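Below are structures written as structure tokens.
Shared between the two complexes below is subunit A, which pairs with subunit B and subunit C, respectively.
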Partner chain A sequence: MIVSFPSFFQRTVVVFSMAILLSGCSRGSVASLHLAPRNPVTGGHLSMDILSDPKTFNPALASETSSTQILGYLFRGLTRESPEDGSVKPDLAEKWRISDGGRRVTFFLSRNLKWSDGAPLDGRDVLFTYRDVYNNPKVATPIRGLLTVAGKPIQVSLKDDYTVVFETSVPFAPLLEELGAEILPRHILAPAISSGKFNQAWSIRENPRNIVGDGPFMMTRYVPGQIVSLAVNPHYTPPPGLEPSPGCPLPCLSSIDLRIVGDANSQLVRFLAGKGDLYGVSPNEMSLLKPAAKRAAFTLFTRGPGLSESFLTFNQNPRSPIAAYKRAWFVSRKFREAIAWSIDRKAMISIVLNGMGEPIYGPVSPSVRAFYHQTYPIYRHDPQKARDLLIKAGFHLERGRLFDASGHAVEIVLLTNVESPQRMLMAQIIQSNLLDVGIKVRVVGLQFNMLATNVMTSFNWEMLLFGLTGVTDPHGDAAVWKSSGFLHLWNPREKKPQEPWEAEIDSLFEQGSLEMNPAKRKKIYDKWQEIAHHELPMVDLVTPDGITAVRKTLGGIRPSPLGGVVPHITQVFQKARIVHS
Partner chain B sequence: MMRKVLIRLLNLVPVLAGISFLSFLLMRLSPGDFLSQMSLNPQVSPEIIAKLRSLYGLDQPLPVQYLKWVEALLRGEFGYSFSYHVKVSDLILSRVPNTLLLAVSSVILSWGLAIPLAIRGAMYPNGWIDRTLTGMSYLSIAIPSFFLAILGVLLAGETGWFPIGGASSPGVLGESSWSVFLDRLHHLILPALTLALGSIGVLYRLMKSSVMEVMGKPWMTAARARGLSSSYLRRRYLFRNAVNPLITIFGFELGGLLSGAAFTEMVYGWPGMGRLMLHAVMSQDLYLVMGGIMTGAVMLLLGNMIADAFLWFLDPRVREE
Partner chain C sequence: MTAARKILAKGGLAGKILLLLFSASLVGEFLVPYGYNDVRFDLSYAPAIFPEMTTSGIIVPVLEQVDPVTRSYRPVPGKTARVHFFCRGDRYHLFGIFPSDRHLVCADSPGRISFLGSDALGRDLFSRLVIGMRLSFLLSLFGVAISFLFGVTAGLVSGYWGGWIDSVIMRTGEVFMAIPSLYLLMGFRALFPPGIPSGEAALVITGALALVGWAGLARVIRGVTMSLVREDYILAARASGATPREIFINHLLPNMSPYLVVAVTLSVPGFIVGEAGLSFLGLGIAPPHPSLGNMLADAQSLTVMRTAPWLLVSGFLVVLLVLLFNRLGDHIREND
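This part shows the complex of A and B:
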């Protein structure tokens, strides 16, 4: 009943026609926005547009950003992640002690914590959350997998009302970060667990005022398809070490409105017309936004390279149905290195990301300062070097086309997901880059689920252009880098490592998760980054700079590499309001 | 008469069964399912996905799933949505009033404008009014509705005359019912106009040619020759004879009430069925999609039945057959 037309075509047409129309209209015909300062700045209001409705208000069931973005204002965990460098900071737990060689972590909760309904929050809530919810096989939560160490669930117990002990069978370094999962109120949700109705609890049909949380805000209203309204939680206690903005309590704002506007173009027009205070900019909108910044009273903030990156990878899987001679190319390290030298990342950034991005040469984003390790050489665009490498690897060029030693022309099918216009464009750039070194590439865009089936189940693919959800702790990528991992894309779930360097990475990830000393741990992951850089099972390409347009009504904006422009909503304040003259 | 209606109603059963089975088949045969989106996330292991899959019942064979769904349907339940963990019927019912409001007002607008204009155009074919209207109707047919909607959003953004997005202002809830009504109307104007402008062209052209055809009929000439005045003929005979093809269209419009506005709803951020269903299809939220399809199918079939009933009522020739 719904016909979905190709979104790429739609976006192109739309951006193009908007560019024409806006450049025609915005010459003087539109009144500028005027601002009046607010003093004092406490008790302000923030509004922004979001793309889709929340799917659930239950933090244990939420798995996509439309829900988690809202729940992030309402709930918190034992720990939180520093938006600056990815290190672990206290949240509900004011401190913790690691003992028993890393097998036991004891958390000490802050005293006098309260839920938004005034009920006390203590260790019994933590125990309930981890034992009865996250580790409960009847609960449809994707979080459970994170809380399994060496095949066994983490053991949780209470020492007293404010002391919770987590025990694992082996030391597990990423534990602290993973215990940032939201803590749930036992006094509200325990009945849903005992009656077996937890998977329907706190659905979007629930009265928003019944969602009891511990975050800086609580929900006051949800109108499906229209708006989510939040008001300050009177019982909120800020985490230790969080600095308030000058002249402000934490949180400084008193209310937030999230308008649900399903269409990105409408959001853009609304923002330019003065509606909403924050707007996430996509690279192709920069030329529209830059000239309007003064009139519509906003500033463009860049938080620098983010976590999301794109990469190329090659099918090295002996179980795959592709031709053996093709697999032989992909298994050759020199061949992969030649590809790394052939790619023009600068062109990708200027064409696909409108100049708003950074080249990436390794598996850890430079913004994750706690783990990033600079590796050499830097694979700059050098087709001559690529051709030399290929000839050293036994290939030869005939009239500009590359052939392997047994005379097969080098032709590769490049797979990517068709939903992403940016990736489709990048694929075309790769196609022309590789043609320069004599490799003929055919680009095939597949719908996401088809792509997943080809890559994960039938192994029927040759070269893949893709990106994975970024994480700060390298252990979060274990499923990709361990040879037994299910997302070890180039050769998933190996019985034993096919290549010696894969065995080495396996052991590094093993050591990395056992090592509790941060400095020693970084050394281990440095070694991994060096191997990855040299062996290139994945050729990393580019990462977009996150850009956010912020209305000049807002203060307390602190752009950070991992937390965006508003790493902590409590620090934001409203310093001015728009006056309609 | 009653017998005819009963037979028609009974005929709906196999049609609906066919539609439901085919849609179910297509949904399940398309690659992946609701949980496939998680399969390329390093944080969610295949074991977790397998557990979720059995929790959702997606690991059972297709016929079993289908029969379970039909059984629930016979009890009046559409099942639960995977992504919302809420009854599908609740989700659909929460969106239907908004979509109906938009669709019905656009139908009233487009029919209310197209029919009088078409009669006027047919009276004086190739006059300046007809030529202007014909030109405009070509434009109306040619411009896709989503593009018209974007133009509308731009107009609202540039002039500030209309709100952009949503179906009501955040602050208006809780105020007097009169201001709530005005606020709704203010939000409704642009989307309803967009939809109406999109269908007005087809209606105008159809109605005009139909009127002209009736006016050229020999019995019209004969009636005029016997001294009946043009205005009397127009009032008494012209409209009733010319409106037949439009009633069939009306049936389709009734059927499309819930689904026809999808693009416009997306662009204007109108909280209706369109957005709900688009997201459901994209995330393969099986039972939600099925619920939407079944509602749409029932509306279409009922729309056709109502159109037939209208024809039977208006046209004695149909009655005699």
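This part shows the complex of A and C:
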């Protein structure tokens, strides 16, 4: 008769024992960490925790961070993105020339490049990578979509062994950024392509020593569920213009260990105990980390607003099964503006982000300085203004509750993904904010997959609280803002734009990708930000500050708005080690 | 009322405490100072604020946030708020019927009286806990009633007639018992759309719990019935032409009632933990409605435990209720 719930009790016990452990920590029962300087600083070691196992070691197939984070140390592309301002810097290519009004880019590769097995790296590898891998319809690569301009793949040809030419049918402004994709070794992977087995090549079952790369490190060991070990690549040639740290070669570290620790709480406890050198901090963890910084010998770097943002959006899709009168609210611009005025972003930042975040009012994060455009008015928390706007839009208030012109009480279901406690909190803040203007909101947290099905496939949703990670070039937002885009959440994959302003944004994105002059290009995207700010298909909310905790053993750390705290992994060195007394 | 008197008379200390908690939670809205969703964004994770006796009356200090990063608060110097009794506050419906806005105790705004501290949105934890506890009580009593209805009926029918009826009912029950209960609950919950309102969700959870719980009881009742049916007085009743219904009600049930009372009290904890478990996993009562499970879920991250350890109190309350019900069951069994 007694129903038993072992997992619930286990979790309760875990929760309580963690609480007891923590109360122990706070009384200083854990000894503080001592550091001893290292001299010389060469040949150091870096260790970090990662959340999950890699899914593949094949850069062409990798799409989630668990794989791409590791592969980022092993492979490099023709160009790289500057962490400071997002500009394009040379990597394998030492220089390039743009001609034909932006339709042709010629890359000149550095000489004497080598793969980690000692084989030479030249233009034939680049040609192989782009022509036979990325543009090969049989390869399941997410990169191919990026390399398609005006419906046609980018053409690649070889002028000589060190000169590669890329051609597009129309000018394409973000072309250089897109050509940072990893270059693959032809002498290793060509057989997999010709035998049609590329989609299985370099799986995680491959011996890590067989993964031949061109990055500063190579993989020496992978134990599933435990660790990925990297050692320095003896054949690495640093990109032109990269300055080594004082007293260091490039790279300065000799090894990196990435430990797989599947739980964010465990990672946090491990970092506080001195395990690992870098830890990506979410703002709500600051209450725990800030007081511990001295004892556990780390520095907290706050890099200002990041690229990820959260927003509120409304279902305007005529194909959706929701009631027509509800859709009429969401299609009304005044209604959406009223919502924008009702939200208390300050409270969100203080409650959900521990005060470490910025309110945002438009689609481009202020950290993307090249394209950010300040738009007015700023939607401050002003419930009275929201109520006035709603009344102007034909709604009326009755005993504190809002009704539309046809007498329907305004009640909205707000969907969000239940995995994120922060988002659930934000949803409750929105619920309380909207109650102030008479709108009753029911918060429903769904598992991510179910949420995606409701929003993208069955269109059965009313209001959505969600987040997307922004990009440095606005063209990357095309999937969201073009009316034909699949992430055009409020009305995905429209045959033709439903609203005049959607048509205007479509044409702006078209122009933006063709315009090669940076100043004119910014103007185009400024216009887009103004329309987005005025029409508010997405009500932008807040963006958390990027924060990284760095153990004081590391040098070569420099916080940058777009690239975390490590400007380039080769510049990092280990200046001290932890002594266990 | 008779049940309450019986628990008072026979239930020992555990019974008295449970009765007190239950009746307090029934008039919870009046006893607690604030509504369960009365947010105060400026008091996120604020600590407990106790009233103080002074010469000018009972007052509470007014808190302000010093540092949003570490969530530290300090009393604003020279600023206090008076505490009142039987004052006006949040509107509510007592027992869901009688509208009122009287509260036993409250403090003048912006002061706040808070016995257990606040949660992330600055809602008073004590107020939420009392309302959440009522939900646990009502859900488990309702769930026990349903599962007893099914369990006792199935057990009586099986044990009385035996044969193929017995086989069908018992094998069905075993199928339910064989599936790990948490998965069965989650599966049953998944049959309903995830966005249903809290009230309906509570009923679905109760239904799910009853569905899981009836089989074990049916099995024991069947055993007891089988042994009772062979007794002479049942044979006598049968011989004198009593219908099965009369036999069930007049002979079988009264004879197994001591066992039933114990089984009821011992099965309540299963429902309390069941509700807490489902809500903890986000499948039960949805916020902002409080339940012991979803309140504990708020406290599961390391950071929250450190900044606001008082959120763990709902976990302790689950343990306390379970212990009390078990103690009550033991007490009744020992003293019968």
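Operating definition for what follows: the second predicted complex is superposed on the first by the 554 of 581 C-alpha atoms of A that agree within 3 Å, B and C clash if a C-alpha of one lies under 4 Å from a C-alpha of the other, contacts with A are read in each partner's own complex, and residues count from 1 in each chain.
Basically, contacts are C-beta pairs under 8 Å (C-beta built on N, C-alpha and C of every residue); 3 or more make two chains touch, one makes a residue touch a chain.
All values reported here derive from a predicted model rather than from experimental measurement.
> Would you sort A:N265 into first (subunit B), second (subunit C), both or neither based on which partner it touches?
both
> Looking at the overlay, what does A:L242 touch: subunit B (first), subunit C (second), both, or neither?
A:L242: touches no partner chain.
> Would you sort A:V418 into first (subunit B), second (subunit C), both or neither based on which partner it touches?
second
> Which partner does A:M450 contact after superposing on A: first (subunit B), second (subunit C), both, neither?
both
> Once the shared chain is lined up, is A:S350 touching subunit B (first), subunit C (second), both, or neither of them?
Touch partner of A:S350: subunit C, not subunit B.
> If we overlay the two complexes on their shared chain A, which of subunit B and subunit C does A:I98 touch? Say first, second, both or neither.
Neither: A:I98 stays clear of subunit B and subunit C.
> Which touches a greater number of subunit A residues, subunit B or subunit C?
Answer, by number of touched residues of subunit A: B.
> So, does A:I322 touch the first partner subunit B, the second partner subunit C, both, or neither?
After superposition on chain A, A:I322 lies in contact with neither partner.
> Determine where on subunit A the residues touched by subunit B overlap those touched by subunit C, and list them.
Residues 1-2, 4, 18, 22, 26, 265, 269, 450 of subunit A touch both subunit B and subunit C.
> Spell out the residues on subunit A that touch subunit C in their complex, using ranges where they run on.
Those in contact with subunit C are residues 1-5, 7-9, 11-12, 15-16, 18-19, 22-23, 26, 265, 268-269, 284-288, 290-291, 344, 347, 350-352, 354-356, 413, 415, 418, 421, 424-425, 428-429, 431-432, 442-446, 450.
> Where on subunit A is subunit B touching in the complex?
Contact set of subunit A toward subunit B: 1-2, 4, 10, 13-14, 17-18, 21-22, 25-26, 29-30, 47, 49, 52, 55-56, 58, 61, 63-64, 137-138, 140, 142, 144-146, 199-200, 203-205, 221, 223-227, 229, 257, 259-263, 265-267, 269-270, 272-273, 275, 447-450, 452-453, 455-456, 466, 468-469, 471, 476-480, 486-487.
> Going by the contact rule at the top, pick out the subunit C residues touching subunit A in the complex.
Touch list, subunit C to subunit A: 37, 39, 41, 44, 65, 67-71, 120-122, 151, 181-182, 194-195, 197, 209, 212-213, 216-217, 220, 263, 266-267, 269-271, 273-274, 276-277, 280, 282, 286-288, 296, 298-303, 305-307, 309, 312, 315, 318-319.
> Any idea which subunit B residues touch subunit A in the complex?
30-33, 36-48, 51-52, 55-56, 80, 83-86, 90, 94-95, 98, 146-147, 150-151, 153-154, 156-158, 160, 164-168, 170, 173, 259, 262, 265-272, 274-279, 281-282, 284, 292-293, 296
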